[in-house]
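One chain, chain A, appears in both complexes that follow, with chain B as partner in the first and chain C in the second.
The block that comes next holds the complex of A and B.
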């Protein structure tokens, strides 16, 4: 099943943010507190084992070595944890009743009785079982190369998970990892706009039309929805 | 604070005079100022039109309440004044008022029982109302407005302002002669003067207050008339002189602003948005032309629009266009938060995004309006000719107090603007006010 159906529409996103802006009318402006280090982070959704898996798996999808921040530096696991603990994880606004047709076109929507959070839970357990029976260790204890091979196997459908009931776990994880990397820092990932700085995205600044046609990179760093500057 | 103390002192002195007066002289109701046929009846719709132009609903219709049933809270420096029920209900409204009683309320601020209304009722201005309009209004309220039984909250101001009899003395000091005297020998400008000075009571907000908290002049012959006032920390901008919008906008633009709440320079905000929505947009095109002609006349507006300080504006534009990361916080915040709509030239977009260069709210002596708009955003009214309620978002969650102050100061001193800085403490105060509401 394609994960295209998991992508919220622009309109729904705008509606949601407008509504949350209306209820979050704070009397005074407060600074964002500095986030706790990832090792001390108390996960909202994942168990300790699952959390260790997510740290390891996202670190393979966007590694810390090489150009720019990795998933770990950008705190992508925090983003995924918060999303799964919330409406997205519960599939609050989705139709989850049957029939579920794994071959249905994406327009027909999500095709699993498991909401994303449960699909993650089942998928991680399933992958660890596979690793134990094939390597004798859970995913986190494999070498980076072995981990890459497992993820590649999932991507190629050489490793098939039966417990996720129609959800393509790898596609879901990859998509959420990208989202956590590039979403506004208010959602927990893209820490300090590091991913935006890396690619030169100027952030939530609406427009800079005076630079249209200027053949130079825009000099100012990005801003977040909350108004922080990098 | 000093003004308040002097006002109290002045009122105390007046109070003593008033004690003598009230003892000796009963409250006098101003008689009819113009001859009108005894069997006068207003033309159909005239009363309703006068109600719109005089904007009675602004105060006498409470939010969510029945039309004209009162109970709207009017904040004053002396406490909350609750507007009265002016439906023809005989018990709780004005159903038992005769025409003379009604005129006395409009002209002299007197209730039927002879006690004084607080001058939140703009009888300083309404006392210039023509007898035709008084009667049209009376007939409208008595015959066309639904009677509503609604006992409104009693206004309880702090001492000494709860001494209503003292208003007699205030009236003696504050009130000009009743009745409107045309003075331009020009039907159009005289009609404009009548709407602005009498029915529209524009001076109630747009004129400064004198030592007695009375309007400093109630017609254009007074120097201070319409030179700007203040409501709740917001400016009611000056409508006269070289810096005023009346002088800097064309006649067409001024008319569009009053009729639709927006023009190529700006969008109406604050209390005036309600005035446009509930009153000004209902004026006939002819009456709007009259208002515009009168205002332009007293403001000294010329056919040729005055030139702006382009060199200063160019410096701001160059600074913003460069987008140098080492720039000060003020311009940086402008680029991060405002530039998307108002652009580096501060001109915004016609009919959509207000101009900040030369904007009367931005450069006003009172910074409250500018700070409030940055914190809470603004929304244009929906008018018949322009129904879209275009809005600006608030930045209260995005900017700290210091950031709002730095941004506001930047706006006040950029392009051709040249106003004083905004202090962080002023932002703190406006935020607290917002939280208290």
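The block that comes next holds the complex of A and C.
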């Protein structure tokens, strides 16, 4: 793993946890054991290089700077790793039989033979190859600005990945990043419901009859499915 | 070796909304009724229990309750010239799977179509002349009138427990209901739900403009209620986990809350789960069905003999089963001959988003079918000749959920990632609303269903193939609604307004969710040469096969389909009980 991404990540991570601890009156969480730091996390799906890529890429998609948690503080990479190791990654619900049309119009939807986990594997390798041929270094060793430019190029199809066979890898990565940011914390991301607190979503409360038609900020913080409160 | 099961009087394929209705009504005749459901067994407890059900990722994003394309899907193309490709992952529509079908995870918007919609072709000819029916448009009358169906709408609304406000009771216009609706024999079984902030604002704006706002008829109970089968519903808590989810609160109208416990108590009813019907078996002369063949969970093939076969497997699967079983001649768009697969249609929707910095909409305070509607631009309100299209919409505002993965509405100028996105989600979450147009969709010669020549399912059967695209008539309709909605939006003075409607040249995109309102393909009508089913939903060709569901719609209505689907099921089963069982034959 590149030392560069490690230090950026760790610094941002420590800064953020310290900040949220300072403002918090979070009784439910103070008894929780601190989660394993992302650098020590044993990934279920990603190789070490891929993990470094995911830490770096998600940190650009939802950066730590500014108000609210970044992908790193929310532990989005853990979410993606667990999803790819499970049914989602294997595409167990999807119809993947051929023939596959590599030139299918995008409006006809997912047309790749690759289940999501394989699309990640191919996509990350391909992006790193692209970065090596264009910058001489893999993605994680680029500056945040250069990383943003690569992601922008992928987003607007200026950089085309040949290995992901009909999957728009950037869209998949961005979608999964947002899922990890906002899904219930039991899936590994949205650590301490920090993304829910950021936007004011009350999580699994699911009972609002007395609040119907009321134009005022909702006063209660979120709860998880497991019953933790923020 | 195919095993043969003990014969039943009736076999029902699929135990969702229509299968449950037909099961309940035919059990009253003392018949031995068997329902075969391909998916898992499901009940409020344990499957929809709180808090586990409040899981956006599992149900809202990964579609835990829906059909898995690996097990069952179709191919889609937009034009006759395109090669259809498989619908590999769910997107545009979300068919159900398991006991309760899509009735578990629907929203509950429960409308009756306008009387004019059921005789659309005649209505157009009488009022505007044939010239406004564009080349290739294949709209038809349904072969049934609103007044014939009225008692069955009433029946479905009472069983499902619909909350709403009548606008026309026996011809008398009632304040704060929909004055443009066809006459109803009585009030809704429950008063309307309370309304969310966005719906209240929309109602006020619409009223100021001289329109006629009324509460969206809702399958989310507004109070404690006991239905005609003795099933009890409790008031909806606006939990915000409704569409795509099962209701933990016994509040959403569903087969589970409204029918199934009562049905399961009948000694002459049996259901089997993980029993996927592969085809309907026909007698050698193809005039009657002898039963169905299904697969058990263990993969064993079983022949289930029955005197009466009810297809209640959802629109797409009903048509697929008919094509696979040789019921009705497959439709050919080139020669315009054949009937099975003809007139597939969908729903034309569009919306305008309104952003208000200073209003707290609290979008997580939501119910599947909460909202306020106007029918001022609905089918019987529009001069088709003057506006150059056939069709109409209901226009609505309301909040079903504020789940952040699937329902994060941001101004489009915002980047979709990076620091600006993170800032924008804080700034705008909970500070926007939407006004939607939910519109009709006409039927066309080249929008139809047949069997795919290339792709197969896991049993080696050809997949169903859908050929469907948006057409200029319907795009003109939605563009007309855009102008009306934008004017209402403007009067509300939002900080930002953004519209999203199909425009010229729009091609069908299977990725974003639109609606699970797939209709047509085995349509009802008066003539066996132009419809697959007669007015009692009976196959013209195989008289002991009745087909329930939105496949019967000759074109799509402007409303959500299930009010019509439920009423048609009650209408059909009444005819089966009264006329068919005493003397099984073609009823027409």
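Basically, the second predicted complex is superposed on the first by the 188 of 230 C-alpha atoms of A that agree within 3 Å, B and C clash if a C-alpha of one lies under 4 Å from a C-alpha of the other, contacts with A are read in each partner's own complex, and residues count from 1 in each chain.
Heads up, the rule we're going with is that contacts are C-beta pairs under 8 Å (C-beta built on N, C-alpha and C of every residue); 3 or more make two chains touch, one makes a residue touch a chain.
Values in this document were obtained by computation on a predicted structure and should not be read as measured data.
In the superposed model, A:108 lies in contact with chain C only, and not with chain B. By the touch criterion stated above, A:207 is placed in contact with chain B and with chain C alike. Looking at the shared chain after the overlay, A:218 reaches both chain B and chain C. Number of chain A residues touched is higher for C, counting chain B against chain C.
Look at A:227: by the touch rule set out above, it reaches both chain B and chain C. Put simply, chain A uses residues 205-209, 211, 218, 223, 225, 227 to touch chain B in one complex and chain C in the other.
Within the complex formed with chain B, the chain A residues making contact are 21, 24-29, 31, 205-211, 218-221, 223, 225-227, 229. Listed in rising order, the residues of chain C touching chain A in the complex are 50-52, 54-57, 61-63, 68-70, 73, 76-78, 83, 85-89, 91, 193-197, 200, 235-241, 248, 359-362, 364-365, 370, 402-405, 408, 416-419, 421-423, 425-426, 429-430, 454-456, 507-511. Per the touch definition, chain B reaches chain A in the complex via residues 320-325, 332, 335-337, 339-341, 343-344, 393, 395-401, 403, 431, 434-435. Put simply, chain A touches chain C in their complex at residues 60-63, 65-68, 70, 88, 92-97, 99, 101, 104-111, 148, 151, 155, 174, 177-179, 182-184, 187, 195-196, 198-209, 211-218, 223, 225, 227.
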